[in-house]
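Going in written order, the chains are labelled A, B, C, D, E and F, and every chain counts its residues from 1.
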Amino acid sequence: MIPVKRLEIVIDAPHAESITRLLGRHGLSGWTQMRGASGAGERGRRLADEITGVSSNHVIVTTCPPERLDELLEELRALLVRHGGMCLVSDALWLKH
Amino acid sequence: MDLGLIAGNLLTPPVLFFALGMAATLLRSDLEIPQAVTRGLSLYLLFAIGMHGGVELAAAGFAADALLPLAAGVVASALVPAIVFGLLKKRFGAADAAAIGATYGSISAVTFITACSFLDDRGTAWSGTMVAAMALMESPAILVGVLLARRAGVRASDDGGDGDGPREGHGSLLREAFLNGPVFLLLGSLVIGMLTGEKGWKAVAPFAYEPFKGVLCLFLLDMGLIAARRLRALRESGAFLIGFSLIVPLVNASLAIGVARLLDFAPGDALLFTVLCASASYIAVPAAIRLTLPQANPSLFLPMSLAMTFPFNVTLGIPLYMTAIDLLWRTA
Amino acid sequence: MDLGLIAGNLLTPPVLFFALGMAATLLRSDLEIPQAVTRGLSLYLLFAIGMHGGVELAAAGFAADALLPLAAGVVASALVPAIVFGLLKKRFGAADAAAIGATYGSISAVTFITACSFLDDRGTAWSGTMVAAMALMESPAILVGVLLARRAGVRASDDGGDGDGPREGHGSLLREAFLNGPVFLLLGSLVIGMLTGEKGWKAVAPFAYEPFKGVLCLFLLDMGLIAARRLRALRESGAFLIGFSLIVPLVNASLAIGVARLLDFAPGDALLFTVLCASASYIAVPAAIRLTLPQANPSLFLPMSLAMTFPFNVTLGIPLYMTAIDLLWRTA
Amino acid sequence: MIPVKRLEIVIDAPHAESITRLLGRHGLSGWTQMRGASGAGERGRRLADEITGVSSNHVIVTTCPPERLDELLEELRALLVRHGGMCLVSDALWLKH
Amino acid sequence: MDLGLIAGNLLTPPVLFFALGMAATLLRSDLEIPQAVTRGLSLYLLFAIGMHGGVELAAAGFAADALLPLAAGVVASALVPAIVFGLLKKRFGAADAAAIGATYGSISAVTFITACSFLDDRGTAWSGTMVAAMALMESPAILVGVLLARRAGVRASDDGGDGDGPREGHGSLLREAFLNGPVFLLLGSLVIGMLTGEKGWKAVAPFAYEPFKGVLCLFLLDMGLIAARRLRALRESGAFLIGFSLIVPLVNASLAIGVARLLDFAPGDALLFTVLCASASYIAVPAAIRLTLPQANPSLFLPMSLAMTFPFNVTLGIPLYMTAIDLLWRTA
Amino acid sequence: MIPVKRLEIVIDAPHAESITRLLGRHGLSGWTQMRGASGAGERGRRLADEITGVSSNHVIVTTCPPERLDELLEELRALLVRHGGMCLVSDALWLKH
């Protein structure tokens, strides 16, 4: 069991690729992405109901070694400032296999 | 004014299903259509209208007089964003003004399709050229809108600037304008329709043509649900924008009818040209704008086009424009 | 008893695909159909049957004798829940008794559709009135069931009582009964079919009518998968309810055939009326009950209707009822 | 990074709206909702396979300032008692942006 | 070589839509099709081709000469994995060699369907027997591949060995081979088509037959998107496997044409037989292999069949094989 | 509020049933499952785009009493070694109802 930081990122569907590219640049090669989430936040309701993905969120879950968290969050924050979205960080244990 | 024509348009299945969808949302029915179905239906419609248009283009051949409407369409689609931008920039800032401009410069494929089906019901002819015009009018408005915003100081979208991102920066602008999913499918189907001609169409028509109007009903039911859900966001954006989203189509339609008259379009094509100018995008533009102008607020431009301009055009606009065209073409 | 008729019904594509679906689940095949596709297919069926019924109603005109079957249907749909409630209340408590009552008072659109297609195969005529009856019979059972439960002391659903909730409390009861998604779409399509008549139908039929039976096959394949997955839950609910879910349709069918005979229905309409009475809802009612009677256990009423009554009616019930009707109408 | 409580609520699809309304009444205007989850719990298997949503769960993730948690949970519990479902609470950090 | 035939095949709507899909991914368009729609379309295709084949089989009757192609197909489908396994075992290990062998021994229903539509366009007849052959060739390769791997020491899949798991261990092998979702639907539809014959087909054809080619276009658009996304993974798997995935179909096709000639198949059936042997599975096998041989790396066998062999067969392979057959059958 | 271990498991769609059966064998009768997740990990990208589920992940969330965690994780690890996938463990409070 390896201690890691669990990140849970919600982002507009069209920007999801920016997030996974960002993760890649920070050497994080593991993530899970769920599509078609609806939600509400500072920019109002997002209904996940239309054709273009503009009203849909993607949820991206990833893990990060604690020591690399700060530099990742800095860039992530810049991206969320520009595009909206959300990121929660919590502690977790990764089941080594 | 031809009230019978309006009533006639209101009493066709597609328009009634649109109304049913709006009613469902407004009455708080829990009727809903899964997003995957919505997307499947829209893929079908773009595929079908693209193929159909391509085949008609191939049949007509590329006459020189086909170029005129195409050029007119592209120019209109580039001018509208500039005008709208000028009108709204002070009040809403460059990013939102540019986004709304791009929305109204571009076109609504579903409004166009509803107008085609309206013409078919009346037995008025229309030509494949207009489908090509539709396909060409999707994108210029996006380019113009974003370029205006950039010139006004709105920063380009990029995410850290490492440059390896396929969809950021200036390169992404052209990409979003022409490689945007719906635009790409529509243009691709158009080209395939032209390449495979009558023979290809015969193979595909039992899927792409015959059930088309029925599918359109289900799709418009869904659009009604979706549009009505945006009414609240629209109310929050204020009376000015609500008014704006009704006046712009009327102004654009008037200008378009004038141009169509000058260029001597046949009545059917005149209606389609008018509808293209008067309609606003809610498929191609919003997605492209989210990527190229993330500063623009999607709860302004999306509800305007989806919850006001689209319903207006589909119910009242189309028969209204037709009445005007009938009148003008008769007198001329 | 006409075994040939039963075998004939069993050997039609829709019934065989239903069996294939059940077999897939029972043999533990990993065949599965995404929920979005299931919902898309059901939207199609409700849309198509609604439009079809509306057009037939419009063609027939509102004759006074159309009112009789409608009234009979509504009365049946209100009486059944009361009877079932009386029978089950002691044993299962008011909430579950009411939920099962509502389930059996309401109708199964897919069973109805399968019966229509059975009649078409035999060349037996049936009238659009029965589609209207189906649409009207969806809701009263929900109302009656919930009201009985309330009278028996089952608390209304509310979530904190701030009153701004659109779907709780007493108001929600009527809403759920009539604005329930499937009911709303069915009624809406019926009305649109009546309003647009032959002309609307011609535009929509290549989508709503011609491929209908094929779509029904795919849908019943899916229903087979879904129904078989509920067999385990059903087994857990005990022999009493399993027996109940076979006896109720037989009893209701007998009564319905008697009423149809008294009211002198034509054989086709008699079968449809019988099927409406004998079938149990698994679309409109479960959703409405979850909202208005959350105390009721969905793993009782849902498997009963989905995994027993529905398969029974679709395979054996329909030809059985037809045999009885043929016999009675001939002798009479 | 703001410390928050992360709530993860699973609820029958038809009741999801009650949850988001409840959140709204408590001044929580941010949440993310995923549809079509299947599951198992005290009320048995939920297969997420049929037409009406009656067998589907929605998963709602939201955050709550620690000081407002108790009053929220009280009402939430009442709702879960009536309708079934589940709620997990954990600690997280919200990436301010 | 008949370049006209190749060009002709390349210019049909299905192949062009496949190319459009690949282009969309390669140009980084954001065109995408929800997975639920992809799965819905594939269910439709399996249902339709199964019913169609079953009806044709019923019409032809079970002549003794139908058994020959069936037997040839099953033998081919069992031999190919053994040969591929022998060739690749050293280099890639037993698990991957067996998985790739199973992939190439089994068949691609979509390639088969595209070949049918190619034959229809040319007016060349083909028989329902080949559909039955297709259905029978799905599974043996899976069995052979997995058994070879087991003999070579690859451990059976099990998850703790409590034995109550329905899909592990040796029992799961047969289950995966024959109860695999797509195989089950295809075989089931085939049997239902045979049971219900002309009459069932008439009811279902407006859904299963007439729109078929149009649906195929949309499905191939999607396959193009999906295949192109695997090109990167394919590049990583190295030049050897890329070459392998082009040479295997050519070798298998040559052998198949030889066998078809010896057994004196009609040209249409010869093409279909060749396509079955030359094509590789990306539906039935990958799923079965994931469950029975979890040690095999899906980023080898899936991209090979999906991103190389499938596109090759659909664009160049089919007309190439036809040219060879035309030549050989003429001279013979 | 009962302290529990929250497990978040990502697994290839065809193996999801093995996981829920495993949970059942350990007496865990509550879980939530979301389908159609895409992702990336040691075995490369999983695109969740094709027909068979072979490229799709399922996400399974469950809770486990702390005292039963170890024996569960042991078996889970064996399964992940064979089939790939991921498991994160974290602390949470279960809202009793």
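Things to note:
Quick note on the criterion: a residue touches a chain if its C-beta (ideal position, glycine included) is under 8 Å from a C-beta of that chain, and two chains touch if they have at least 3 such contacts.
What you see is a predicted model; the values in this text were computed from it and never measured.
Common neighbours of chain A and chain E under the contact definition above: B, F.
Comparing mean CA positions across the assembly, the chain most remote from chain E is D. Each chain's centre was taken as the mean of its CA atoms, and the one lying most distant from chain A is C. The distance from the centre of chain B to the centre of chain F, each centre being the mean of the chain's C-alpha atoms, comes to 44 Å. Remark: chain C and chain E have CA centroids separated by 40 Å (rounded to whole angstrom). Measuring from the averaged C-alpha position of chain D to that of chain F gives a distance of 20 Å.
In chain C, 30, 32, 34-37, 39-40, 166-167, 181-182, 211, 287 are the positions where the chain touches two or more neighbouring chains simultaneously. Of all residues in chain F, those that touch two or more other chains are 14, 34, 36, 90-91. Every residue of chain E that touches chain C in the complex is listed here, in rising order: 34-37, 39-40, 43-44, 47, 51, 166-167, 175, 179-182, 184-185, 188-189, 192, 195-196, 200, 203-208, 211, 287. Put simply, chain A touches chain D in their complex at residues 8, 10, 34, 36-42, 57, 59, 73, 76-77, 80-81, 86-91. Residues 32, 35, 38-39, 42, 157, 159-160, 162, 164-168, 181-182, 225-226, 229, 233, 282-284, 286-287, 290-291, 294-295, 297-299, 302, 306 of chain E touch chain F in their complex. Per the touch definition, chain A reaches chain B in the complex via residues 12, 14-15, 17-18, 21-22, 25, 36, 43-45, 47-56, 75, 78-79, 82-83. Residues 11-13, 16-17, 20, 23-24, 27-37, 40, 117, 121, 210-215, 217-218, 221 of chain B are the ones that touch chain C when the two sit in their complex.
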